[in-house]
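Labels run A, B, C and D following the written order; every chain starts at residue 1.
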Amino acid sequence: MEEHQHVVLTMRGICKSFPGVKALQDVDFTLRTGEIHALMGENGAGKSTLIKVLTGVYELDKGEIRLEGIDHPIVNRSPEEAQSKGISTVYQEVNLCPNLSVAENIYIGREPKKFGRIDWKTMNRLGAELLKSLDIDVDVTVPLGHYSIALQQMVAIARAVDMSAKVLILDEPTSSLDELEVEKLFTLMRKLKGQGVGIIFVTHFLEQVYEVCDRITVLRNGQLVGEYPVAQLPRLQLVAKMMGKDFDDLASIKSLRKHTPAEDVVISTERLGHSGTIKPFDLQIQKGQVVGLAGLLGSGRSELARCIYGTDRPDSGKLHVDGREFAASHPIDSMHAGMAYLPEDRKNEGIIADLSVRENIMIALQAKRGVFKLLSRKEQEEFTDKYIDLLQIKTSDRDAPVKSLSGGNQQKVILGRWLLTEPDFFILDEPTRGIDVGTKTEIQKLVLQLADQGTSVMFISSEIDEMLRTCDKMEVLRDGAKVAELDGDRMSQESIMASIAGGER
Amino acid sequence: MKKALAIALVALVALSGVFAGGAQESAAPAASDNLIVVGYAQVGAESDWRTANTQSFKSTFTEANGYRLIFDDAQQKQENQIKAIRSFIQQDVDYIVVAPVVETGWETVLKEAKDAGIPVILSDRMMDVSDPSLYTCWVGGNFIKEGEDAGKWLIDYLKKQGRSNEKINIVTLQGTIGASAQIGRTEGFGNIVKTQPNWNMLAMQTGEFTQAKGQEVMESFLKSYPDIDVVVAENDNMAFGAIDAIKAAGKTCGPNGDIIIISFDAVAAAFDSMIAGDMNVSVECNPLHGPRVAEIIQKLEKGETVDKIQYVVEEVFDTSMDLPAVKATRLY
Amino acid sequence: MNEKLKRITHYRLFLPLICLALVLLVNMIKTPTFFHLSIKNGVLYGYTVDVVNRASELVILAVGMTLVVASSAGTDISVGAVMAVAGAVCCYILSGGAVSVNEYHAPWILGLLAALVAGTVCGAWNGFLVSRMKIQPMVATLILFTAGRGIAQLITKGQITYIRVESFKLLGANIPGIPLPTPIFIAIIVVLITSIVLKKTALGLYIEAVGINPTASRNVGIKSKQIIFFTYTFCGLLAGIAGMIATSRIYSADANNIGLNMELDAILAVALGGNSLGGGKFSISGSVIGAYTIQALTTTLYAMGVSADQIPVYKAIVVVIIVTLQSEEFNRYMRKFSARFAARKAEVAK
Amino acid sequence: MKLRRKKAFNETTFLLTITITLFFAMYIAGMIVFKNNGFARLQVFLNLFISNASLIVIAAGMTVVMITGGIDISVGSFVAMSCMMLAHMMERSGYGAIHSVLIVLLTGIVFGFVQGYLVSYLKIQPFIVTLAGMFFARGMTAIISQDMISIKNPMFLSWATHKIYLPFGGYTNRKGVLVIPYIYPTVIIALIALVVIWALLRYTKFGRRIYAIGGSETSALLMGLNVRRTRLFAYILDGFLCAIGGILFCLNTCSGFVEQAKGLEMEAIAGAVIGGTLLTGGVGNVFGSLFGVLIKGTIETFITFQGTLSSWWTRITIAALLAFFIILQSLLASSKLKKRR
């Protein structure tokens, strides 16, 4: 197979800088036909920038891009231009128009025409056929916004696939898909690979890389570390290359945890429910306990967290905080009750992009104190510096807008924001999503530290091994209902998987 | 979903209820009685003058007098008046009376009225149409004459004061540019200025017929021209603003002051101002067109012909008169 | 980096200031007496006083508009109409329904309070629609924009209602013994109080946070809806104050003309002040400078004898120039252009 | 398949249905209430179109711009400028009617281009750009001439007064004159423009791109659509439609003066909003806007027929109706959100 592979895309000496940051320095990248090529690196390593340069969202400063069949270096000034050359992309966040129909989203820009006008019938038929071939059965005439995010992502992939691309870029497409959908996607990727498409696959899930990829290119701090065939690069080495240092095995973290069981219950729910998302749910969290919520996307784990925090209001049941009945009408009530909440959607629900790092860190404490008791400038700066230091937030300045930070550092800012309020109960919804391995480890350590100090934590993650390492107790959800509660020795990858999958246990 | 639908339905019912209720009084059949139906397309309710004008029509064309008035107020928009006239035609009125917002642009709709055989009487402002037979007659004040009257009054006044040969500096606060009153009064007063070589028109600027703008423009005038002798304000409201500006600048106005104030319209408030000694003169612009129009309609009903242009009587009121006595006799 | 940021924040006010300076410079050349000040009857007198005096309503509106824009990324286009409503309510109460009165029918303070309450209620209605009903601000305020003057006319029965009492004129003119017109002081007080409140409390931060990301703000315990509701209500109150000044200036309620087109000038002032109409970060001082710039421009053109009808053309040109200069895209083009220019120059030097 | 389509409730169609139902309900109510005053006459219905021909076209342009997520508040002023240009060219500068019309159309395109360029390429907020455009056009009108100019150009007048009679629905009025229902060419032009815009939005790539960028600009960009150019063209189209609207307006009023068409932009926006167009972009239909305009026209007709109400009632009723629709839209949107949760 290797023999009749040839190079479809080469990028040589790519440089790109933003004001104050050198995002890419002299990066090379080669993609062959019929391969799935993983692009790996920590947050801020330059993966997204490289892709955006390739797809024409950014203009490159220096370097050349060559595409098979074009005998001169190409420059893409817009995604439109990139697409016309056969480079199409599926992004992490669904980038389709919710107001247009499913079929239109697939075909916009290249609609089938008849007598010079758009042929809606053909378009709908083709769209339905295409989706059916991918095992998706929906009404293609309905606006896309009516469907779930996962389905929208599949439509985006269908669109990219149908462009008969030479180069298909998948930029973290799996983050909003459940396992079945991921499996479907992999089948599709293998099929395309067989057809000779070169696929660039960006993901944070190491398992996925080893499951589906042929080759790995690793970036670090905007520079190329190297390109390796998957078989020659064991996981541990890959992680080491990404981090650029030897690191302690993640598995060893668990041993650091010295769990001291406490009897006082901080949070307890009694048949707490929310119509459509959570069936009556009982849960008890003790002081200093780390409770994990496991389950597939849409199983109700995030919704449960939102109901407890008060972002959504539960329809039924009771919530007790420190033994007293509690009903929040607004998150501020929960904050006063000692809660903190790190939302799943960092960009839309976490950071306040245009505000500075300082303001983003102090804002929750400020809200808790009330509008009239403004924290003095000195206090603000002290607190900010403390958390920049403690969490090792990489920022040029405490007054730099938080949007100028990388995703991982933004997440740390939000963590800092909540730590400043000294919560008794901390809800972490996917705190490590889209974050590099190093930061992941730090966050996990932090969680354990908090628990040791007596803070109770609710930990939600799609990565089971991550939760196994940190949690004292796991609640497994399926379809909005609790299907298992596991602790101690009963907590294992197999038992959890079995519960999720609906086995005996 | 159901809630939204229910709301929609309730609102709909309520809406139709409002119209049904509101229409009850006026929905008497048009053809079954002998009332003469008159449609009046008024400009709006933008000034005291206009309200007096509306009131004059409403009190003249009553059922007791044998009329039914369909009144429409165009909110100062010509397109609304055109719509109103079209609607009058459909309502089978006997006469259409229009106080046009502007002079121009009536060809189409007047032709429609003519085709339907409905006579059109203009009130207050003229219409500039290529075919004069499109309207029956016009009733109103003579703006040019008003302007000339003001000029003549100034000549007399200066003569009395013995300033006939002095250099007289004048500023004009014009009305909304393009309005008939502005055009006529500017032209009329201008005619007199031309005959007086010692009169010097320093500046003209629009105060848009409002007190606030009149005041603002006057403030600016006072700073640019330190020696103003006469202010001509093309309506009373602007004159009030100008008086405030003059007083604020530490100058005086009126018969005993530094600056002569000439104004138009002569609304009740202008009498107060003259009695207070702030304003010298206000040239009347009579808004009471209702009785005059009724007269014309009666003539037309008898099949007589009427004069094409009919001026209403307009007087000049100045501080030499017994103003409180005059004011007591005025209707607006 | 810190310095650079500081420079940018300064830059925000830099352009509006340059613009104001430019307008004043034109004045200096065209009308030499523009900066002359004299005292007449114990009152300070001159073009500049006029500009500052006449801009008062606009300044007050611009303050409210800035907060509305910042918190909701939308504009309140009803402020002019609300001014008219406030004036009508006040005059209705003081006149007891008559067309013209020479003495108060009700205590003066009652009329003033009623006007402010009317303004606040209008603002609260807008705030309710925007924050609770989640309606786009422009559409929500379009309702009062359309109905406002109608309501004002309904109150005054279509008449201009005069209150010919000397003390009623004080808000819009000079208080005896004080050399500057009252509106100037009212504007200054409004700006000062607002700035102090924003500085001494976390309100400014809340407003910015809500404007940038309402969901995230809610999650950190800020009541976004309340903040948005507050800014609209406050904007209504300020429109009520501005309406009272305008009413007092002409000691009458003129439903058709009070505050006419003021909403556009107020929005313009906010934009000229370097504030993004997309919400978020804001600067009150910028808007205030913007408001004075607009009034200076108007007065200048009056003084130069340009017809009032033609003034909008110049306003438009100034606006386009300023927003273009402020536009990030334009600055990017310019940077690219100057870089290319520098490169060429370097080549030539070689 | 069919069953599923039914299940997927489409709030856009629902809003449109309400608007259309409301219009007919109002109209029928009017026919019942004012049955003795001639409301039921065909001509009253036709007058809705005759009087609002220009507004229909302008609201269509507004809809296009609003679908992109923008707004154009310069339309009223631009109409005034078009009328003044036509009047001045024909009456003062001696141009022919056809030339004048062509020049106005060209001006519309240029005006749309400039506004569109500022909005799409310099990324200045549409509200500000068109606010400047509003000031500019109104001021230019005054600069061209401060007079009121009556158009007396015979060719133009013959267009303006050319009645097209319909073969049915005639009646004899009280004067004994047979009144035959008629429309003016303006109505036909407006309806043709409407259908063309509808087809353009539905059946061309350009039209679909307008919806796409209104739905999500970043997505449209990443899907490889040329967002800037599309937006620019949307504004050019809007400018062109405003020019047509201006000409139609002028055919109705046959004059040019500074104060003309004041506040027309708000009527166009109100029409579009009542017709179900969202200011946030992505949703809208020119036929909805047509019915929005017709509803406004019906209210005005009610008030004229009623014959005693003062002008402020028009404003208040339209505002009430606007409030009703806006709140309805908002309730729908929130119920949809709830359903998805």
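Assorted remarks:
Basically, a residue touches a chain if its C-beta (ideal position, glycine included) is under 8 Å from a C-beta of that chain, and two chains touch if they have at least 3 such contacts.
In this text, all values refer to a predicted model and were calculated from it rather than measured experimentally.
Common neighbours of subunit B and subunit D under the contact rule above are C.
Of the two chain pairs shown, B-C and C-D, the one joined by more C-beta contacts is C-D.
Between the CA-based centres of subunit C and subunit D the separation comes to 30 Å, rounded to the whole angstrom.
Taking the mean of the C-alpha atoms as each chain's centre, subunit A and subunit B sit 71 Å apart.
For the pair subunit A and subunit C, the distance between mean C-alpha positions equals 44 Å.
Counting partners per residue, subunit C has 153, 158, 307, 309 as the residues that reach two or more other chains.
Each of the following residues of subunit B touches two or more other chains: 44-45, 76, 177.
The multi-chain contact residues of subunit A, meaning those touching 2 or more other chains, do not exist; every residue touches at most one other chain.
Under the contact rule defined at the top, the touching pairs of chains are A-C, A-D, B-C, B-D, C-D.
Here subunit D touches subunit B in the complex through residues 9, 18, 21-22, 25-26, 29-30, 32-39, 41, 43-44, 47, 50-51, 87, 142, 146-152, 157, 160-161, 173-177, 179, 184, 249, 251-263, 297, 300-312, 314-315, 321, 324, 328, 331-332, 335, going by the rule given at the top. Of all the residues in subunit D, the ones that touch subunit C in their complex are 71, 118, 121-125, 127-129, 131-136, 138-143, 146, 258, 266, 269-270, 273, 278-280, 310-316, 318-320, 322-323, 326-327, 329-331, 333-334. The part of subunit C that touches subunit D in the complex is made up of residues 75, 129, 133-136, 138-140, 142-147, 149-151, 153-154, 158, 264, 267-268, 271, 277-278, 307, 309-317, 319-320, 323-324, 327-330. On subunit C, the positions that touch subunit B within their shared complex are 31, 33, 40-41, 43, 45-47, 50, 54, 99-100, 153, 158-160, 162, 164, 169, 173-174, 181, 246, 249-250, 252, 254, 256-258, 299, 302-303, 305, 307-309. Here subunit D touches subunit A in the complex through residues 1, 4-5, 8, 10, 199, 202-205, 208-209, 211-212, 214-216, 218-226, 282-283, 341, going by the rule given at the top.
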